[in-house]
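To keep things simple, chains are lettered A, B, C, D and E as they appear, and every chain counts its residues starting from 1.
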Amino acid sequence: MPLAVAANNMPVASLEWFLLVGAFLFACGIFTILTRKNAVSVLMGVELVLNAANVNLVAFSRFVKAPATLGPAGIELPKGVDPHLVYGAPWIGGNVFAAFVIILAAAEAAVALGIILGIYRNLGDVDVDQVTGMKG
Amino acid sequence: MAHGHDDHGHGSGHDAGHGSAAPGGHDDHGHGGGHDDHAHGAAAAGGHGGGHETHFQPAGMSRGLAVLVLALGVAGGFFSLGVTGHFDFGGRVIDLNDLFDTPWPALTVLCLPLVAAFVQIFVGRKLPRRGDWVSTGAVMVGLAISLMMFGRMIGIYDWQFQRIHEIEWIGLFTRSAPGQPDVTSFRIPMGILIDNITVIMLVVVTLISTLVHIFSMGYMVDEPRYSRFYAFLSIFTFSMLGLILCHNVFALYMFWELVGLSSYLLIGFWFEKKSAADAQKKAFLANRVGDIGMFLGIVTFFYFTGQITYAGIFKGVAEGAFSNHMGLLTIAGCLLFCGAIGKSAQFPLHVWLPDAMEGPTPVSALIHAATMVAAGVYLVTRMFPVFTPDALIVVAWFGGITAIFAATIALCANDIKKVLAYSTVSQLGYMIMGLGASAYTNGFFHLWTHAFFKACLFLGSGSVIHAVHTQDMREMGGLWKKMPITFGAMLLSTFAIAGVPGTSGFTSKDGILGDLLFAAHHHAALWPIVVFAFVGAGLTAFYMFRLIFMTFTGKPKVQEKFDHAHESPWVMAAPLVILGALAILSDKGGWFQELVGPPPSAASAAIRMDLIAHGQPVVEEAKESAHEGGEHESAEAHPSNEAASAETSTSARRHPYEDPLEHEKHPAHTTAMIISIFVAGSGIFLSWLTYQKKVISAPKIAAALPGVHNLLLNKYYVDEFITYFLVQPFLALAYGCARFDLKVIDFTVNAWGYFTVLCSRVAGLFDQKVVDGTVNGTADVVQSAGTALSRFQTGRIKTYLAWSVAGALLLVGGFHLVTNWKHVFVRRPAAVVEPAK
Amino acid sequence: MQLIQFAHGLLPFLAKWPDWVVYLAVVFLFAFAILNTLVAPLTGISTYIERRLAGRAQYRWGPNRVGIRSLLAAMPITRPISKLADVQPFKFIGSKIPGGLLQFAADGLKLFTKEDIIPAQADKMLFRLSPYVVMAGSFAAFAVFPVSFWCSAINLNIGIFYVLGMSSVVVPGILMAGWGSANKWALFGGMRSASQIVSYEIPVAIALMTVVMLAGTMNMNEIVATQRSGYGIEKAGFLGWYLFRYGGLMIVPFVIYFIGGCAEVNRTPFDLPEGESELVSGYHTEYSGFRWSFFFMAEYSNMFAVGAIATTMFLGGPLPPYPVQFTESLPMLIRFGEGFFWFFAKSYFFVLVMIHMRWTLPRYRIDQLMQLCWKVLMPIALVWFVLMCGIKMARMEMAAPAEAPVVAEVHK
Amino acid sequence: MRYDYVGVLVFLVLAVGFVFIGMLAQRIVSGFLHTNRPNAAKLSPYECGEEPVGGTFIRFNIRFYVMALVFIVFDVEVVLLFPWARVYQELYAFYRTALFWDMLVFVGILALGLAYIWGKGDLEWVKTFEKHLSPAEKVARPHTKKEAA
Amino acid sequence: MMAALGISLRDPAAWVFLAFAAMTVASALLVAVSRNIIYSAYSLLLTFFGVAGLYAFLDADFLAAAQLLVYVGGILVLILFGVMLTHKIRDINLSNETTNPIVGAVIAGLLFLVLAYVSMRTDWQVVDRGPATPTTQEIGRAFVGKYLLPFEASSILLLGALIGAAYLSRHERKKEA
């Protein structure tokens, strides 16, 4: 008995499973952001949210119908060359965007922690509820 | 070659003696007419002994000469390499047709100066010798490649030779439909065009630029901003090369502006001087005036043809893009010519060029004599097919007026560089005039020859200024003994510009005059131009020899300056020698006439030829003679004839240009030659009489004609005219507007204000009693509401997030729930998995 | 897949089993073998060798008692046999066997039976979890090492990238240990260690990326395969290794990698995180007994991993230094042994080098350490990466010159 | 390919299991041998045998954070460059030299960042400390930069 | 059964998947509710690891490793540093209090419900892509092809982040001194 997953080339679980996990991560992230007083914790919530988005992106990339090609229009490749071998598989877009989200998360974490440390130095604490300089 | 030490060899040794052999005759004149021949004679006697000055350094000079010969040999080597067309590099045969068949050589020539400029800007000061060798080396490499190209051009010898390398620069896509390939809706190509004109211009620009770079090593050596100067020179070289290499008008316009920018930077190089700063602004603004016209012209052509490449525009015009608007085509041509008016300093906008002499002299030589100002001429040459006959008449008139106009001003100028500047303006007028009179080949030929002798003259004047530290010719005199090389080179160039037979200037100017005469026979509107041209030729000879006589011969006016004068170091002298030789030699061979011909006709060519040849079907003849049987009957309307070029690129057959009207033009040329020799001779003679023999007294003439003299001294009051009739009116208009604003509008406003105050007094009572009650009530409501609502603005980011998430939820979920409440709880069928393809 | 086929070929009856069972079994065996050869015992042996080498360096003996003879003498049953050592020829043979060979076993026994102390103030959970993370991170990297020709536990196509990813899992584990110990030295050591490991990961990754760029693949088996030939020779022996390719230019990334690798395993001269004169013992100060030995094991297996990566990426992995055709016709099992021998020998060579470095070089200061990383290794690695890209570009250009990049040629 | 990750899992499980079983066995043996006899001295934080001084609160040098920050930026750079390095060879036939310039622009921009923080002194570990030194002390302290190189 | 659940429970890999998903979900929940911030941080480690596992299940091998390298090796370390730089080691509670947990829970729960509803009710156009292929080269091709501009632009983003964060921390040091 071979692996059932290998039979139909699809991942072990259907798209909805991944989306549900993503949604749960997202909700957890939002909950964390909303309820935590500690700025570092809030940052963790943001990371959760970004991860949730990434799970969705990759899941869609894997499951959902993709455009015909990633190549530019009007440029002919030499004959016999598979455009997917040059421009990449068309469905890879989701993965690429997930990679960009990872980059974004890294940049965001770096800057956010800089800000958090600034708050810490100034207020002696990292309670985001005390950062109300913009209060009207 | 660039490694010459700071060798201020005040060379006037044996080698220099050769150069002064011919001027020796003039020296005798100096003796004859000299007022103070005692001291002069003593000096001359010493001079004949060889090195009357204490600084006698034959070693430096001979080394310079050796380098010179070596350089000429190398240059000749590159040239002959190009002529050969291939060379054997250790078994690998390198095909030099690749110079044209690939874009990289041309791009190398283009980009090296840019790289050098960046190097100079960022690290120039830290480099040894302050980095002058970077710029010089860059442009020298460009010169080598250009010379190879030049040789290859001679080797190919096809007047219709042309190569275009283009890429898509901007392509805007329109998405047609999902899954369908996108459609390109708009493309702007970028590329380079190489043809004979380009190659010739390349050689001119790189050669002059190289020599000026070398010259500047001596001239600018004391300059604290030395490396910046070289950076600017490199930027200029880059811009100019880009201008001549690009294949479309957009790029042309960009580089055109870049050239303007570098000119701005270089004119104001000594920006501490107010005059220099003013001059640079003036040059910039004057150019902008012309450029607006040019831009409008470009836009017009783009609007009608939808193309920006030269070939595309010509094709579009030939295919009748303007067929319903021939008048507009004329206007567009004139607008395009506006750019040339600005850049080539034609009549109304010439004012910037003399002032531009505030820049360092090498700059004047490079930019304001040889190359940049030629850009306008180049523009007209390049866009020649789109000029209608009417537009050409306009062009010719502008050129003619400029030629005579500047020549007369030069008569009275005393600043050596101003004289040269006005002579430049005048010569540019000749070129423009020639192009306007359909003397395409000779007009462009004059650009080529003029570049050399004018650069030589400017560099020579730089050498003189370097020696005597003044620009006023009235303080010079007798310098030929001190500066024999400078004198020799400048004399040769003066012969050329005056049109002495045997020199290059004679050939080109005579060609223009002949063509002009021929054209005037067929178009009466050109007759005044002919008169202008011949008178201008005489005046040119006169004032140029005036310059020579006042500067080099006679006795020194200011002895102190004369004593300190010395021959320039060899880095300055060598370019002079080369350019002096080229001033004589650059017309030899006749290749130019055979390689540069008017381009195949666009829309207006048939009409133009009709104009010139009275309806003879010369167009067809020209085509057939060029194509040897005319493979393409329709070639006249197609600038891009691939079959012909594919043949020329490979075969060794020569395709020289044959002027179909050569026989018709012959009498005119003969006449023109005779007249011009006479005119030039008389100009020289009069000049000799006036400034050497002092038979004719110039001050007396000036006193006799005070009005004319003042007019000329004040340059026809053009600057004043512009000031009073353009600047002042605009200022007055502005003042007027301001006064209108102050008096009328403000009065109205104030009156309205008083009225309002009055009304409000009345209304105030009502307001305080009735309205305030309402308003205060409202305000209280608003305030309490605001206080309540401001609690939402907690300043806490989390609260905001909560609200936004809740809002999004409400929008997405709530809306869906409200609209689809029936379907929310009904399950849809499961998704279907498509099988693998 | 290869492993499954290999297993099928070895034991035909496995074909009846489900694929995944076979696969799991094979990988499990493989992993178990690695754990029990390259990780646990090798740590002990390396300890012994290190102490002996340290003895040589410090002009003393090092462990020389607890050997086979003392083992025999310790147990009453075998004690008579130990007496044989006084008799020829056993005396001669015995003199050739170094003493102290079983020291590591004795140490292991001691550690196993030692008291397991968890400080009262420690965060017990983190304290206990840390060895798991550290061990998992350092052991998982072994999954892709090509221990012989086309023979790794997993033939992962992101091979080297996976190694980098897995080795970065160790860092939170170390911080876990440092924090969980509730000891200022431990926390300090943990932060220093994390900072150092992550910093040196950059030059290391760039140096490895240079190889990936040259090889055009990240699969470690394929990277090894690209090193079979070089300089135009199809089977080039050692000339094909990336260390010697490109005219020796790759030595620079190799050196950068090795320095960075030494720093990543916190070995002298980069042992600041556990410098005993400053921080007692770094992040595992509070650990003792068997729990401590996992950190110890992770350190030594990491050392071996550094050597293995260097071997795979730069020194041809299991490829022998002589051209492979000499032994190509040998039976498969011998070839496997040959590959394993070379892989192990080369990798262990680096371990020995690291041991020598420890007893030769003084320790860096923290600022020097960071400056070495960011101001020396990192710029050089980056520049060298670009340089090698340029050289690769030049070579590809020469191999297949571009057509004239002319899009359109318009003639008059 | 999907099998490969099962393999990774096997390795992870084995490593965790190794530690788990090891600790379990140790627990059993220690229970058997009664080696586990904690007391207050044993359970206090180890500070070389001295009484623990002060709390364990340490004011960390912010440099640790800066290093991690620089690291994460370049880590991401490496992550982005790996796919590029992977396809450099095989796509060269199509993109030619443009491929190299792509990378150079990317690396160059980040090198600018490195140059920036380098020039601004963010890579100096002891810079803030040196500020407080008197000139004489500074002379006495050899500059760290030269030593590090 | 598969049609209803979208997963075959007879498949052992499905159990592994479920274990991973459960681990991810549980650790995410722990991040959200843990009283101890350091536990939150280490739960985040598990979440990241679980997400990496999900990537592996989605055949995104490169992203799985990148997740480990960047999230676990980079961002998590940064967060841990952040925790350690802003806390005393002896804090029992590590000041990880929550405010308004009820409101947060309601919002997050509703959010989850809406997202779950959308993902369950949408008729996804699922296609079979055939056997899984390595993604690294595909991502690389996309990087130098269609996504070249984002690729280069991301370096600008990183440059900005680097300069910005360095500036912030430098500001810190000045104050400190």
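The definition used in the following text is that contacts are C-beta pairs under 8 Å (C-beta built on N, C-alpha and C of every residue); 3 or more make two chains touch, one makes a residue touch a chain.
The structure displayed is predicted, hence computed values, not measured ones.
S.K.: Using C-alpha centroids, which chain lies at the maximum separation from subunit E?
M.R.: B
S.K.: From the centre of subunit D, which other chain's Cα mean sits the farthest off?
M.R.: B
S.K.: Once you count every C-beta pair in contact for both, which comes out on top, A-B or C-D?
M.R.: C-D
S.K.: Roughly how many whole angstrom separate the Cα centroids of subunit C and subunit E?
M.R.: 29
S.K.: Counting only Cα atoms for the centres, state how far subunit A is from subunit C in Å.
M.R.: Spacing between the chain centres: roughly 33 Å.
S.K.: From the mean C-alpha coordinate of subunit A to that of subunit E, what's the distance rounded to whole Å?
M.R.: Distance between chain centres, rounded to whole Å: 7 Å.
S.K.: Suppose each chain is reduced to the average of its Cα coordinates; what separation in Å results between subunit D and subunit E?
M.R.: So the centre of subunit D lies 20 Å away from the centre of subunit E.
S.K.: So which stretches of subunit A touch two or more other chains?
M.R.: Those would be 3, 5-6, 8-10, 14-15, 30, 34-35, 72, 85-86, 99, 102-103, 106-107, 109-110, 113-114, 117, 129.
S.K.: Can you list the residues of subunit E that touch 2 or more other chains?
M.R.: Residues 12-13, 16, 57, 59, 61-62, 64, 66-67, 69-70, 73-75, 77-78, 81-82, 84-85, 89-90, 99, 103-104, 107, 111, 124-134, 136-137, 139-141, 143, 154, 158, 161-162, 165, 169, 172, 176.
S.K.: Of all the residues in subunit D, which ones touch at least 2 other chains?
M.R.: Correct list: 1-2, 4, 6, 8, 56, 58, 60, 62, 64-65, 68-73, 75-76, 78-80, 82, 84-87, 90-91, 99, 107.
S.K.: Spell out the part of subunit B that touches subunit A in their complex, as residue ranges.
M.R.: Within the complex, subunit B touches subunit A at residues 173, 178-179, 181-184, 790, 793-798, 801-802, 805, 831, 833, 836.
S.K.: Please give the residue numbers of subunit E that touch subunit A in the complex, ascending.
M.R.: 5-8, 10-14, 16-18, 21, 24-25, 28-29, 31-32, 37, 40-41, 44, 47-48, 51, 54-55, 57-60, 62-63, 66-67, 70-71, 74-75, 78-79, 81-83, 85-86, 95-101, 103-105, 107-109, 111-112, 115-116, 119-120, 124-133, 135, 137-143, 145-147, 150, 154, 157-158, 160-162, 164-165, 167-169, 171-172, 175-176
S.K.: Can you check the complex and tell me which residues of subunit A touch subunit E?
M.R.: 3-5, 8-32, 34-41, 43-45, 47-48, 51, 54-55, 58-59, 61-66, 70-72, 85-89, 91-93, 95-96, 98-100, 102-111, 113-118, 120-121, 125-127, 129
S.K.: In their complex, what parts of subunit A are in touch with subunit D?
M.R.: 3, 5-6, 77, 85-86, 99, 102-103, 106-107, 109-110, 113-114, 117
S.K.: Quick check on the complex: what are the subunit E residues that touch subunit C?
M.R.: Listed in rising order, the residues of subunit E that touch subunit C are 12-13, 38-39, 42, 45, 49, 61-62, 64-69, 72-74, 76-77, 80-81, 84, 89-90, 134, 136.
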